[in-house]
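Here the chain labels run A, B, C, D, E and F in written order, and each chain numbers its own residues starting at 1.
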Amino acid sequence: MRSSQRLADALRSVRITRNYTRHAEGSVLIEFGDTKVICTASVDETVPGFLKGKGQGWVTAEYGMLPRSTHSRMRREAASGKQSGRTQEIQRLIGRSLRAVVDLAKLGERQIQIDCDVIQADGGTRTASITGAYIALADAINGLLAAGKLSENPLRQHVAAISVGIVDGVPLLDLDYEEDSGCETDMNVVMTGDGHFVEVQGTAEGVPFSRAEMDALLQLAEKGIAELVALQREALATAAV
Amino acid sequence: MRSSQRLADALRSVRITRNYTRHAEGSVLIEFGDTKVICTASVDETVPGFLKGKGQGWVTAEYGMLPRSTHSRMRREAASGKQSGRTQEIQRLIGRSLRAVVDLAKLGERQIQIDCDVIQADGGTRTASITGAYIALADAINGLLAAGKLSENPLRQHVAAISVGIVDGVPLLDLDYEEDSGCETDMNVVMTGDGHFVEVQGTAEGVPFSRAEMDALLQLAEKGIAELVALQREALATAAV
Amino acid sequence: MRSSQRLADALRSVRITRNYTRHAEGSVLIEFGDTKVICTASVDETVPGFLKGKGQGWVTAEYGMLPRSTHSRMRREAASGKQSGRTQEIQRLIGRSLRAVVDLAKLGERQIQIDCDVIQADGGTRTASITGAYIALADAINGLLAAGKLSENPLRQHVAAISVGIVDGVPLLDLDYEEDSGCETDMNVVMTGDGHFVEVQGTAEGVPFSRAEMDALLQLAEKGIAELVALQREALATAAV
Amino acid sequence: MRSSQRLADALRSVRITRNYTRHAEGSVLIEFGDTKVICTASVDETVPGFLKGKGQGWVTAEYGMLPRSTHSRMRREAASGKQSGRTQEIQRLIGRSLRAVVDLAKLGERQIQIDCDVIQADGGTRTASITGAYIALADAINGLLAAGKLSENPLRQHVAAISVGIVDGVPLLDLDYEEDSGCETDMNVVMTGDGHFVEVQGTAEGVPFSRAEMDALLQLAEKGIAELVALQREALATAAV
Amino acid sequence: MRSSQRLADALRSVRITRNYTRHAEGSVLIEFGDTKVICTASVDETVPGFLKGKGQGWVTAEYGMLPRSTHSRMRREAASGKQSGRTQEIQRLIGRSLRAVVDLAKLGERQIQIDCDVIQADGGTRTASITGAYIALADAINGLLAAGKLSENPLRQHVAAISVGIVDGVPLLDLDYEEDSGCETDMNVVMTGDGHFVEVQGTAEGVPFSRAEMDALLQLAEKGIAELVALQREALATAAV
Amino acid sequence: MRSSQRLADALRSVRITRNYTRHAEGSVLIEFGDTKVICTASVDETVPGFLKGKGQGWVTAEYGMLPRSTHSRMRREAASGKQSGRTQEIQRLIGRSLRAVVDLAKLGERQIQIDCDVIQADGGTRTASITGAYIALADAINGLLAAGKLSENPLRQHVAAISVGIVDGVPLLDLDYEEDSGCETDMNVVMTGDGHFVEVQGTAEGVPFSRAEMDALLQLAEKGIAELVALQREALATAAV
């Protein structure tokens, strides 16, 4: 039994609040236990320069943490004048993950900009971001469909993400901050609603891991993502407020 | 009657939620109508270089807006690599306003760092920030007193802020975004709990204003701030969760 | 009697030298006692992007200090790679103050860029900048009128600025550096030639101030600005060299 | 048969040239076919601030590409003023991979700084960098051992890296640029000399991949890395020039 | 006869005004015709990190131009966030030129910071800067000697600078902006009071130049610098105001 | 006899390797003894904004050093976020030197971008860069001629560069790092194939130099450059691989 009273293969309590803020075309608060992220989707009726006239759209993402979302205060990236390598890695990951399930040609010459801002961090901010951003994206796209700006839904699949890791030799699902700090291996997995992989990023923090350990972690991730996708479907099934 | 069904001298509905996030020594969600700001206070047991060995503390503030807190998406300051002039003006204002009510010698050689992050914007973000930051600061200081790190309360007074302005010739209290966009004169007023001025920043957006108009605006601000201070007292009177 | 042998309500000696440098369309050296600022106005026959095709012009300002204009050398902002928050606040203030008296539609689709560079600082650099920049702006506009590029004068009013403050309990006009360093309250006031307010920025440096003190400061400012506007009129009455 | 006349499970020709430049404590030119990277290891007898006094060392890495190492010229990062997200991801990956096989306590309070600079790029620059950097690191450590600055070798294992991917449905080992540009799935794998995983980073560029495809890719990677480690051992077996 | 009514070997009118501003330890306005530069010398009783504890001092320089010192307005370097390559070249040149005549050991562990700010530009700003900076430096050093902080004068020689160039095939001394814009060869020469070279920087703007042309230019420069040094001596002979 | 067993007027061993890397239109490894620089020329069929529509081309250059090309590791400029003043000076010098021998009108509306990257440094990196860049430029231009994109060769002359200096009172040709570190005077000379000067940059590092010393240095440089031009001709005479 984990310190959080969870079984090794249990997700934390996941909550998805749609229409969390007023202005964005999609706006979601997603909570994985004590990790809370605001994900918004903003529709921009232009595309970046490199896509001008190519008859397709784009989905991109930015990520940030409030300075005191963490145990000790982090320096504000706007004040330090640049985004850290970690921030850039995460926002590139979110963007790739979402583009993997969008038919960019069907999106037309417009861009959807995702912003994931961490209000409170307790491990798993990137996986919560991807999972919540999918809902914000879906809401923005539904708005475009409802407004007649899109005739066909460019979303091909759900996409969701979860972390898995080995702590004291035991493979665990959905690590919180304390577990993540002490784990030997940490893996973030992004999968589609039909069970295919979009991203697998495994890192040996301490001891390099074996093929058998990797297999155990992937199996845990598959279970967790199936549950997350079910929660996404449920959240989207209710009418938007 | 204003579009928001308020009288000219009425505040919007103000809500103060203490202990909004887990990690900070003080953490407040303040809402002025649809304007929502997370204010946190972080205690740092060191002081900036220019105060080393001077036997006093410091209070400073940073301010940011989530990119989609606004009607159309703003560029993320961390991505553009610098804080705008507006951001810097606001965070300097918040810092000065709070320091005006803190006895820095009594604070001891430590710094309290305030972060005000706008989750949703509808006018008055800087005044909501100051009003909410005071509560976060008070909670952080109460924590230091409770822990025996401070023997005497360095807070001399409450401090709160409100905007006033002239719209279509009529002085109004607590402008929302629509009113603010169309106003002729815009004034931000910061006052203490005992009715003294800390900052007055009045700007003629369109037509320069007369002394009589200025007097009317100051009178509105005094009324609004008295109400805000009462709400602050009420919020602090309840036990922290 | 103040250390500078002035009465509480007396300006320092003010000197305005037009055509101070050769290349700019307007070029003024303004001196408030030992504070010396070069103000130039440069006409640019294009407008910033956000105004393209809107049938109106723009006036904007930048501000800087020579590194050794001050008692101890300041770091050169070009070398440190960014303008301080203070610099940005001041240049935004100068720009707003001038735009308040310009009919931007009458200016046509062109921009006038003001540069205020402090050669020597002894308090009041922002108020000297605004007061001098008005003359440089007027000279640039007169040049456009003389050249037939403008058919009507877009200047609606004079604009000038002065600082006031409370030192040892006494309200004083036009603070020099020493007075400014020790004042309890500092207020910068920008007014038009017909006595209306454009900006009021009052800050309690030490003790918050009362409404009565504020009234006394505004009255001093009104007196000082009336004198500055008279000096501006006198300077502009002489033919440009 | 691939366009490069290789079998699906064949590495490109790999060449390792030790002592490639004069000044560095370890200096290696590594070539994976037409991909050429200079890897140097520089010993610094201090540690970064966060490790001061902790009785351990550090290994860190930086990565760059000459502007015309690529088919079309890339902008020089030193001129554009920042490292791209891709560059930061790669150099963080190189650093983590090397640290995974170094006993930092045995390294003592010193830092080894790895620089990987791509002279010519044809796919696989990050995997060549890791594989070559290991040799440079080993040479630098051997120098410290020979000089008596280290009494015990802090290297626990070899580490090497290879890319694998699915092109037209076929899993391939060690993709060149053309294969990489057209692949459906791209995976970079970092492993130790005894066959454990340090990093696995798989990305679906086009179609999300199945668990079976992932297994095939991992198997290819295991084969390739075993061959690379053998080449590393051979290179290190010869006396340094 | 040149457009400025000068002979080919004639300097422009040179004016040196000492004590031009109040705060700096040395402050000079130098004018080469319409080129006007404020040169200040600031004494700093510390040395840069790389000289700590080495028993010697340092002289360094920074250079800037007011945005409208030039015919058309230049972008303000503080606003653009970096100094241009040209600015950096010039300030490095000024620093090297001054250090060439200072015995840094005799200066003691202190730094003299030179600032050269161009108020009005008409060619030759770098040579005027060097020539004027020498006077500011001498005044600062004289102040240190008078205050007993130095027992021996660290200045070994005068240093001055002039530009020479070939315009329409004719070697000219001290080019103004118009001549400089059209010249085939441009050379800046820095020499000591006793006729030795400190810097020679010759550039073929159009046609490469012959050895004979170079000799003619050097001869002109020697004449001009001898005259400048005489003017420096004269300026320093009068008591400081 | 110098420590490198060279006579005072002897070049180091110079090697020119054409087609050093695959992708660039011109790619040269040039070695002056232990100094090794990769020079590439990249053809860009557009011109910078300031030349659009002017019917002429442009040649520009960038310069960099690998962090461990030097005795002790230098900070990577891409990581520090800006190019040093030294880097900017050198790349501006390379660009000017090459443009001096190119008929930009004959080049047509295209730009050739030179990159000089120092792999190993032992003094004279800027002179090796210019000398090698000329070959890369010639190869790129020959490619354009061969492809029929140019009908006439825009190269008017060879250009090459060498350093000279005074060490212990003796004028020396082609200083290595050790000689350069200890020299009294350092001069970089750039000349055309027909013996005219393009750039002369002489600096007194220690003692200012006399006219006679300058003449001796120029004579050495003329000898060295004649030899370099002969080596350039020889390198270009062989067919490109």
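Assume a residue touches a chain if its C-beta (ideal position, glycine included) is under 8 Å from a C-beta of that chain, and two chains touch if they have at least 3 such contacts.
The model shown is predicted, which means the values in this text are computed figures rather than measured ones.
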Item to complete: Check every other chain and keep only those touching both chain B and chain E; list them.
Response: C
Response to the item:
Common contacts of chain C and chain F, by label, are E
Item to complete: Averaging each chain's C-alpha atoms to get its centre, pick out the one most distant from chain E.
Response: A
Discussion item. More than half of B-C's contact pairs recur, by residue number, in one of C-E, E-F or D-F. Which one?
Written reply: E-F
Worksheet entry | Centre-to-centre distance between chain C and chain A (centres being mean Cα positions), rounded to whole Å | 51
Worksheet item: Distance from the CA centroid of chain A to that of chain E, rounded to the nearest Å?
Response: 59
Discussion item. What's the distance between the Cα centroids of chain A and chain B, rounded to whole Å?
Written reply: 33
Worksheet, complete the sentence: In chain A, the residues touching two or more other chains are 81-82
Response to the item:
Cyclic order, anchored at chain E and moving toward chain F, comes out as E, F, D, A, B, C
Fill in: Footprint of chain D on chain A - complex, ascending
82, 85, 88-89, 91-92, 96, 100, 157, 187, 191-192, 196-204, 207-211, 214, 218, 222
Worksheet item: chain A touches which residues of chain B in the complex?
Response: 21-24, 27, 34, 36, 38, 40, 42, 44, 62, 64, 66-73, 76-79, 81-83, 87, 113, 115, 117, 119-122
